[in-house]
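Take a look at these structures.
What follows is subunit A paired twice: with subunit B in the first complex and subunit C in the second.
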Partner chain A sequence: MRFFEYEAREIVKRAGIPVTDFGFTTDAGEARAIAERIGGPVVIKSQVLTGGRMKAGGVQFADTPEEAEAHARDVLALEINGHAPRGVLVDPKAEVAQEYYAGVVWDGIRKQPVMIFSPVGGIDIEQVAEEQPDKVGRRHFSNILPLSEFAAKEVVASTGVTGSALNKLVPIVTKLARLFVAHDMTLAEINPLGRLADGSFVALDAHMDMENEARGRHRALLEDLGVGDEETRQAREATPFELAGEEVDAMDHRGVAGNVTEFDGNLGLVIGAGGGSLTLFDAVRSSGGDPANYCEIGGNPSVRKAAGLAKLVLQKPGVDKIAVMMSIVSNTRVDIVARGVIKACLELGFDPAEKIAIFRIPGAWEDEGYKILDRYGVEYADRSVSLHEAARRAVEKIGAAA
Partner chain B sequence: MSILVDATTTFIVQGITGREAVNLTRECLDYGAGAKVVGGVTPGRLGREVHGVPVFDTVAQAVQHHGAPIDGSVVTVPPAFTKDAVFEAIENGIKLIVIVTERIPRRDVAQMVELAQLRGARIIGPNCLGIIVPDVVKMGGIGGPAKDAAKSYAPGPVGVISRSGGMTTEMSSTLTAAGLGQSTAVSIGGDAIIGSSYAELMPLFEADEQTQAIVIYTEPGGRMEAELARWVTENQSRLPIVAFMAGRFMDEMPGMSFGHAGTIVEGKEDTATEKIARLAEAGITVAEEISQIPELIQAKLAERSPA
Partner chain C sequence: MRKDATFIGVEVTDAVTGDAALAAKLEEVCPVDIYADAGGQVDIVEENLDECVLCRLCLDASPEGTVRVLKLYEGGAVL
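Then we have the complex of A and B:
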């Protein structure tokens, strides 16, 4: 879950890392008041969860409070990559002598967090790593032993930084590493980390991502920041169809029938499980099909839940038929999914034999499942028909129907 | 032979009284020669039995009751308690831990893995279905009930490693139908950080005489495939590898997670396209469809066997 810049800065501030005297607001008049309090030139920054805001005009400089208000009004009204801003950040325009970079991420191969530091900040760290690899320091650190400051000292020193800058940077990088671990972040980045004319350091921008699975352990912080449970902060906002899918999945606690993503094709998919869904979605597309959605069934959901998912997909505008397909199941029962999708068709007044292009779920309780499908004349396939072959048959059927 | 487990492997089930764990225990006892499930742990349930397996409050009690070190543990406790359960297993001398639980924050996973490394233990998972040696033993829910597992898995020369539990069975079933059995199939889990990656299991398969080829199932997200490609190149592996890559559509949708927690395109390196290129550079064939895998394996085996 990604944080807005104003939230990320607040997290950095709470960790004891110096930040500027910034303010956040959703109101242009208040932006003026913040600028007055700051006194002197300010920067107005759009608060959106997308890149390229500088280019899009989402960052404006103001010399006076009046100018700040006018810019805030423009920036608040400016959509960037389809995202309306949450508000604006009003920041004193700092006199920066040099921009640095400090970040912490996970290394999935070493299975440890890694600190990254560079005296070349203000630009994308990947670019620095490519162009000036000797200016990027990396150091893994233990996730069991207490984190000691020498680790940060080593990574900063490895980039050639010494003197008082080194001594001032070490506590900042250490605090960043500690907050990364303590808050279950997947990314904690201060970029740029500015050195001011007087030699002090201040975080000028911050980027934080918290692991979704860990949100439950950070309720107090999220509440303080005003982040609601309903805010998923995905790469794109959930559509009403996708939200309806979440409701289906929340019907009861048995198994999964959800994780719905909307597409605009005519073949509705009722598919599973995790890896099976990925394989089947690719398979439908590679045989020229046009999926209406992605979804996942698994963990043996109830008949009601399977029916709920099938109904949702069947009712989606533009859906002609559904394909019900899974990789071989061992926990989810074939007969339960069969009952669910047939129930969905019947309750909506459809003929299951006509609406279900194919049913390909082999595995636990398959004989019982196939018996039910036989009764309603639904075409089904067992494990001798591959996932790709099943997808091809579904696509052919819908092609013939169109 | 096999890797990781064999007919003599003793293990416990932590969280044994949960609904899923009760089924899993039954399945493991029924499959092949019958797994040596020597105990189960659920705090507060000392003295109970699950399918004849004695239940204890602590792992230490289970070890004491067994009267000898226990080889493994299948951990099926809720995410908030998993780290403690795994630490308990490791500190009681258990060397092979299969973590079934999903949705564990990666800080916890990294801590479990780090302690395991310090103590010389190995973790499989989390978010996995475990390990199966066809007709011999299974440790975890992999393949489902014994009679269903028997339909999908047969003994043979192919080692299977998969980030998806269900696809481990789908691929093995396809191999079995084509007359290609498996030496061992391992569901390694779909999370961003896991105990044992492809490259970390390769040395075990490399040393296993029964194994003549490897099949892997892979997805976008992470750098595990690049790591495998590097390992294969540096170690001049004797084992031909065929890979299947799911989730190719995700390349067009960066930042969105599908399928498993670790399956997300965050940078150029973790796209399906990039991974396929990396694997191919290392001589690993990437199948377009699962049904092509047996043929590709046969061809590779024929190539390597002396005329």
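Then we have the complex of A and C:
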């Protein structure tokens, strides 16, 4: 989940990283009061979860409180890429001697966070990496072991920063890295990180993205920031298909059958159990398959709920077949899921043997499940067939059908 | 009385359908609400039949042979 800039700045501030004396408001009159308190030129920044803010006129500079109020009124009324602003951030216009970049991002390949630093800030780090690769320092670090300041020192020093600046930057980068781990972030970025005329450093902008599944662990922080449970803060709005998935999951309290994400492929997926969904989704892709969706099923959902999910996927335009697969071995009852997916086929007038490309859910009550699958002629696999092999078979079948 | 869904059928012999104590007991023990106490009469809730988790609690709660759970996917095998 993404944070607005004013929230990200608050998180940075709480981590002990110096920030400007900013204020957030939803009211133009209050923006004026904040500007008066700041007592000098200010920047009015629209608080939206989308890019292109500056270009769209969502960032305005004001020399007086009156100007700040007028700009705040305009910015509050300005939609950017279809997003109405949450409010405005009123920020002192800092006299910056140099802009730097500090960030931490999750590296999904290495499965470790990586800290990134550059003495060239204020622009996209990707651009710096392309044009001045020697000005970007990187270092992976453990998200389990304690983090030493030495790691940050290596990264910052590798970009040629020395002396007093190095000494002041190391604690900032270290705190950012610790914040990243402590708050289950997938991105924690300060850009620009400004060096002021007096040599001190201050975060001038911040972007934070938290792992969505970690929201429960950070309830107190989210409550402090006023982030409600109803705010998904995803990169895009949920599609009607995804909203329908939420309804299926909310159908009753038993188990999980939802967390649906829509894709464009022809192989519908009913997948899950203990992280199995991600592995299976990747397995389908690596076999050359084209998933129609991602989803999660597990924890012993009711037959009705399993059927609801399978029906939703089966009815998705473009879906030719579904693959029903779960992790290595699951405690979710095989017979219950088998009933659910077969019932979905039958109620939609499909032949389960035709529509279910493969059923691979080893685990509880599998013998009973296999009796049901046998009865309807559905191809199934037990635990002797790997997740990847099951995915390959499903892709092969749909390839043959296409 | 017998009712069938897609996977599960349940049969309650006529001799006990009017047993108010049994009707209450079956409604209480079934974890997936297959039985309802319809004013002292045993009723089978058809839309919940396929939710049966084969726990046998209804069989244990009723006099032997009066309630039967049938696995329709297995040729009507009795639980």
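Couple of notes before you dig in:
Throughout what follows, the second predicted complex is superposed on the first by the 242 of 402 C-alpha atoms of A that agree within 3 Å, B and C clash if a C-alpha of one lies under 4 Å from a C-alpha of the other, contacts with A are read in each partner's own complex, and residues count from 1 in each chain.
In this section, a contact is a pair of C-beta atoms (placed from the backbone, for glycine too) under 8 Å apart; a residue touches a chain by one contact, two chains touch by 3 or more.
In this text, all values refer to a predicted model and were calculated from it rather than measured experimentally.
Ranked by how many residues of subunit A each touches, subunit B and subunit C are led by B. Of the two partner chains, neither subunit B nor subunit C is touched by A:Glu66. Contacts of A:Asp21 after superposition on the shared chain: neither subunit B nor subunit C is touched.
In the superposed pair of complexes, A:Asp124 makes contact with neither subunit B nor subunit C.
Shared-chain residue A:Glu149: touches no atom of subunit B or subunit C. When the two complexes are overlaid on their common chain A, residue A:Ile109 makes contact with subunit B while staying clear of subunit C. In the superposed model, A:Asp351 makes contact with neither subunit B nor subunit C. When both complexes are overlaid on chain A, the residue A:Glu231 reaches neither subunit B nor subunit C.
Once the two complexes are overlaid on chain A, none of the subunit A residues touched by subunit B in the first is touched by subunit C in the second. By the touch criterion given at the top, residues 302-304, 333, 335-336, 339, 342-343, 346, 368, 371-372, 375-376 of subunit A touch subunit C in their complex.
Residues 20, 23, 79, 103-107, 109-111, 113-115, 118, 129, 141-145, 148-149, 151-152, 162-167, 169-170, 173-174, 177, 190, 192-193, 197, 217, 219, 222-224, 227, 244, 246-250, 253-256, 258-263, 267, 288-291 of subunit B are the ones that touch subunit A when the two sit in their complex. For subunit A in complex with subunit B, the touching residues are 106, 108-109, 111-113, 126, 142-144, 181, 184, 186, 211, 213-214, 217, 234-236, 259, 261, 272-279, 281-283, 285-286, 294, 296, 298, 326-331, 362-364, 383-384, 386-389. By the touch criterion given at the top, residues 6-7, 32, 50-51, 53-54, 71, 73-74 of subunit C touch subunit A in their complex.
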